[in-house]
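Residue numbering begins at 1 within each chain, and the chains themselves are lettered A, B, C, D and E in the order written.
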Amino acid sequence: MTEIQSILLRLWDSFGLNIRLFGLTLVCALPLGLGIAFLSMSRVKVIAWCSKTLVWVIRGTPLMLQVLIIFFAPGLLNLGAPWGSGASARFAAATVAFIINYACYFSEIFRGGILGVPIGQQEAGEVLGMTRAQIFYRVTLLQVIKRILPAMSNEVITLVKDTSLARIISIKEIIMMAQEYTAKGLIWPLFSTGLFFLAFVGLLTLLFNYLERKLDYIKV
Amino acid sequence: MTEIQSILLRLWDSFGLNIRLFGLTLVCALPLGLGIAFLSMSRVKVIAWCSKTLVWVIRGTPLMLQVLIIFFAPGLLNLGAPWGSGASARFAAATVAFIINYACYFSEIFRGGILGVPIGQQEAGEVLGMTRAQIFYRVTLLQVIKRILPAMSNEVITLVKDTSLARIISIKEIIMMAQEYTAKGLIWPLFSTGLFFLAFVGLLTLLFNYLERKLDYIKV
Amino acid sequence: MPILEVRDLHKSFGRNKVLDGISFSLDQGATLAVIGSSGSGKTTLLRCLNFLEQPDHGNILVNGQTIFDAKDAPMLTEHSKRQKRFHFGLVFQSFNLFPQYTVLKNITLAVELLAKGQAGKPDFTGIETQARDLLTQMGLIDKEAFYPYQLSGGQQQRVAIARALALKPEILCFDEPTSALDPELTGEVLKVVRELAQKKTTMVIVTHEMAFARDVADHVLYMDEGRIIEEGSSEQVFSQPAHERTKQFLSRFSGGSA
Amino acid sequence: MPILEVRDLHKSFGRNKVLDGISFSLDQGATLAVIGSSGSGKTTLLRCLNFLEQPDHGNILVNGQTIFDAKDAPMLTEHSKRQKRFHFGLVFQSFNLFPQYTVLKNITLAVELLAKGQAGKPDFTGIETQARDLLTQMGLIDKEAFYPYQLSGGQQQRVAIARALALKPEILCFDEPTSALDPELTGEVLKVVRELAQKKTTMVIVTHEMAFARDVADHVLYMDEGRIIEEGSSEQVFSQPAHERTKQFLSRFSGGSA
Amino acid sequence: EESDLHHLQAKGSIIIGYTVYAPMNYTDENGVFTGFDTELAIKVSEVLGLTPEFVEINWETKEIELAAKTIDCIWNGLTIDEERKANMEITIPYVKNAQVVVMKAGNAYESTASLEGKTVVAEAGSAGEKTVQSDPGLQKAEYVSKEVQTACLMEVSAGTADAAVLDLTLANAMIGEGTDYAGLVIVDRLAVEDYGVAFRKGSDAAEAVNQAFRQLKEEGYLEELAEKYGLDLAL
């Protein structure tokens, strides 16, 4: 194996961390975001207000700071060390920060999508004697998904690239790994990471195009 | 002046760099993005394809890498030093990288907005004997703006937070400044930067809400 | 005993009094046409019958049983509202078909969900058979696998009618079922409604098609500003309207262009 | 000499032949109604007259002058197309008013832009005065500062008519001007068109309102599958249609519900 | 290959890359940019007849900066090691340094073996990292690398790491009274090492700076400066 190959292999290994962070964030932030969206639309003013404020603060500050705060704040404020200190602890903290951040972004997308479904669809369900849950899952949800797919696709692609922010708490993702080579005087690995991102984003784009085509039959 | 005040003042000073980078990027990337949007919709296949590929690559790779490449690549490839090395040179390079990156993002938003205006509006203009330019500026543009305002507002708020990526080429924006205090053993300045971002994002949110209300009379 | 009895229904939106004491009754198998100018409260009346709006005052009785009383309204649970809704079916002006389902599934969905919620094994085949019968009746049996967007407006509206009928409502309500249709497509839908009338389906129809109302309705209500101004058999109201307002309203139509 | 002469117009979309040799002529001040079933090519014909589609074959003459010849079409510049368009005005089925402008500005915009492009100082006051005259004529003078969404469909369509008239076209085309309107709002628009006909405005009207076509048109074309099947005076076509197809088509309407 | 020194002399200036790192390069209470390396670099430039131009850089991208010619040298307490020597042209050592172990006060520490199973942080690619990887005691600790040295102290302070290994000079400046890290102490000194100035590989400017160092040593300037900042000279 040449040196180039072995470096690319190590980069690919560390890209696994980016992908895992991406996957975990996606899987958890989507349902959490839906929950926050519902809270934001709650008829109870206080709940809606709290939820909207949370979203506003999270969307208003850099994700990098949020990662720092989530990981360091407990220790700095002498609240003990909920995360521990090893690599897996760091990964857990980063994942939590990412999930909260992206759940807030997703919640706004969901909210827009839900409000965009014509009230007539809801009423048609009511008149046919469906329960609220049935109306949401059987009537509204798929139309919401169809509506928000373009916005989601943007946000998900941003998430891929954001995963490398996790290096701020020493998660050895691909860019941090590449910088290790930079420190040794090898510069190309850092720039080559762009190709990894590009390839992954390309795959996601194909996936989203496929989903959009799949839902094309729903004319909303 | 207490130490806290003087630190906050220095942070505020360096936040000026974030704001300038933000302002310059916005002012240049908006028209450039519109231009790229038109190229992407060009009837000449080659032009449309090139433009779409550019957008795809730029959106598919981290902005941080793009900043590194734009600043360092000329020197690394022995193409001379177009930027020089001082602080203003770094700022110029970062601004160019940001403009290109955001122009690509904006172009996609513009494209969606333009395609969303009903063809009937265009035809109504044609039938009334308006020129292409008149139709675009007098009929389509404001409707496009109205349509894209929510997506733009998201992207612009992301831009505010992205400006701090410029520190990768040692632009002493607010987070890099705060890290200088961290290096001296002071931690709170770093976390306090969140408030600067939050305040600025709050202002922008108010501005966008105002704009949305202003354009509320256009029912598209 | 009338199948439907509405007693002194009142409904305001903020300061805007939209229903101002509506009372009428309807016999089993009869067809009631509700006419009146725009904003007179016709849609709101239908929405109250279908529990989409809650009247501020008044009762609604079906088969002599009170199914709604404004006094008890605050205690009405979601569940009991749903139960009571089954007395009525509603066909919307804008169809409101579910875009993600085929024509057949649009018709069976609610029935299947209902069957699942009840004791015993749901008879899905039976439900589909019934839905196909309805589609045949609507002249759409060849379209069962189509999606709504693949149908013309008139066809969509007929699916909406089948969807409402699938739940076997005692009273079927229509809110201007043809006003979102091109003149050419209107005919198909009116034909279907006419057939339902001949089969003695109890119906309440809000409509702007005067000729059709005259043809098909046994009974006509003329509403204005939330009140019933004139009420009577179709012949009576159209040939010898008693009130000046009604005459004026009807003259606009007979003098119309088509 | 007829004001408009169309000679052997052909137009296909891909393999779909939509206009298959359309020829007719129209006299100054006359009203032509174009009727025919859905998909027969009526809209396409109007769009060809207004340079929104380019015919594959045929000529269009205005006042005896060829303004379009399919043979020269490839050389047609944007600019000359725009010049030739001014012979025609088009009122769309869906109005297509500009939502960001007031009623008055909707009417004046194109006229002002045209005036700016020409030599001399543009007379903006004159343009506004003329627009107000048109609004008065349409019965909308009190709405000049409203935005389109604040108007009913019928009012919007009348603004669209005023907008087209503001450019003083020699021939005004209408594409089903009432089909997007509620029956109640249709009347207002038809009244305005009838007044224009009385003032001897040259008009080409595609319509589904048979009664209206019979009333207002001097001349009627019946189209089917891209061809003119029957042509004649209004009385002739409606009372004694010569062709079986026409009879069948017209019977659908006389047998209609309203 | 063109002579780097000629290149510098032709443009008359030398661009010095640094990061804010007391006591080497920092801004004092009066807002004056100073420090041992700052003063020394100005002096050496004077000797070489060049105008010094200081550019603050990111430590993570210092090698790229050098290679891309956006800076001419890295003069910022750079520890000399074999790998760096292989990739850059480094001057003779001018200051001695050590790697120290920093922990929260009150923790039991006898030798690096006490850290077995504990978490130790150091800057990625730094001399501290190499110390961690080569010390037999520290090898048994769980190692986490950080982007910058200063973040290591935040880790220890937050309890997310038990010990940090970093430069003595830096530790001296950052912990103790009057800092947010008052609770941290130096518990051990490990590998002694040298600082040098790094130029592009093959640059003859490094040798010119070596000459200047020797001359300044003879003149007694270096001793004076080292005393002012409390550092140990390496020549």
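Rule of thumb we're sticking to: a residue touches a chain if its C-beta (ideal position, glycine included) is under 8 Å from a C-beta of that chain, and two chains touch if they have at least 3 such contacts.
Since we're looking at a predicted model, the values are computed, not measured.
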Graph separation of chain A and chain E (steps between touching chains):
1
Using only Cα atoms to place each chain's centre, name the chain farthest from chain C.
E
Name the chain whose C-alpha centroid is farthest from the C-alpha centroid of chain A.
D
Interchain centroid distance [CA atoms averaged], chain A/chain C, Å:
46
How far is the middle of chain B from the middle of chain E, if each middle is the mean of its Cα atoms, in Å?
37
Between chain D and chain E, what distance separates the C-alpha centroids? Give it in angstrom.
82
Hey, how far is the Cα centre of chain A from the one of chain D, in Å?
53
Can you list every residue of chain E that touches 2 or more other chains, as numbers and ranges?
61, 64, 67, 151, 154, 157
Chain C: which residues touch two or more other chains?
none
For chain A, residue numbers touching 2 or more other chains are 76, 187, 190
Chains that touch, pairwise:
A-B, A-C, A-E, B-D, B-E, C-D
Chain B - residues contacting chain A, complex:
56-57, 59-65, 68-69, 76, 112, 150-151, 157-158, 161, 164, 175, 187, 190-191, 193-194, 197-198, 201-202, 205
For a test of understanding, state which residues of chain D touch chain B in their complex under the given definition.
50-52, 78, 82-83, 85-86, 88-90, 92, 94, 96-100, 109-110, 113-114, 147-149, 163-164, 167
Where on chain A does chain E make contact in their complex?
71-72, 74-76, 80-81, 83-87, 89-90, 167-168, 170, 172, 176, 179-180, 182-185, 187, 190
Chain D partner, complex, touching residues on chain C are 37-38, 179, 182-184, 186-187, 190, 208-212, 215, 252, 256-258
Chain E - residues contacting chain B, complex
15, 20-22, 53, 55-58, 61, 64-65, 67-71, 148-151, 153-154, 157, 173-175, 179-181
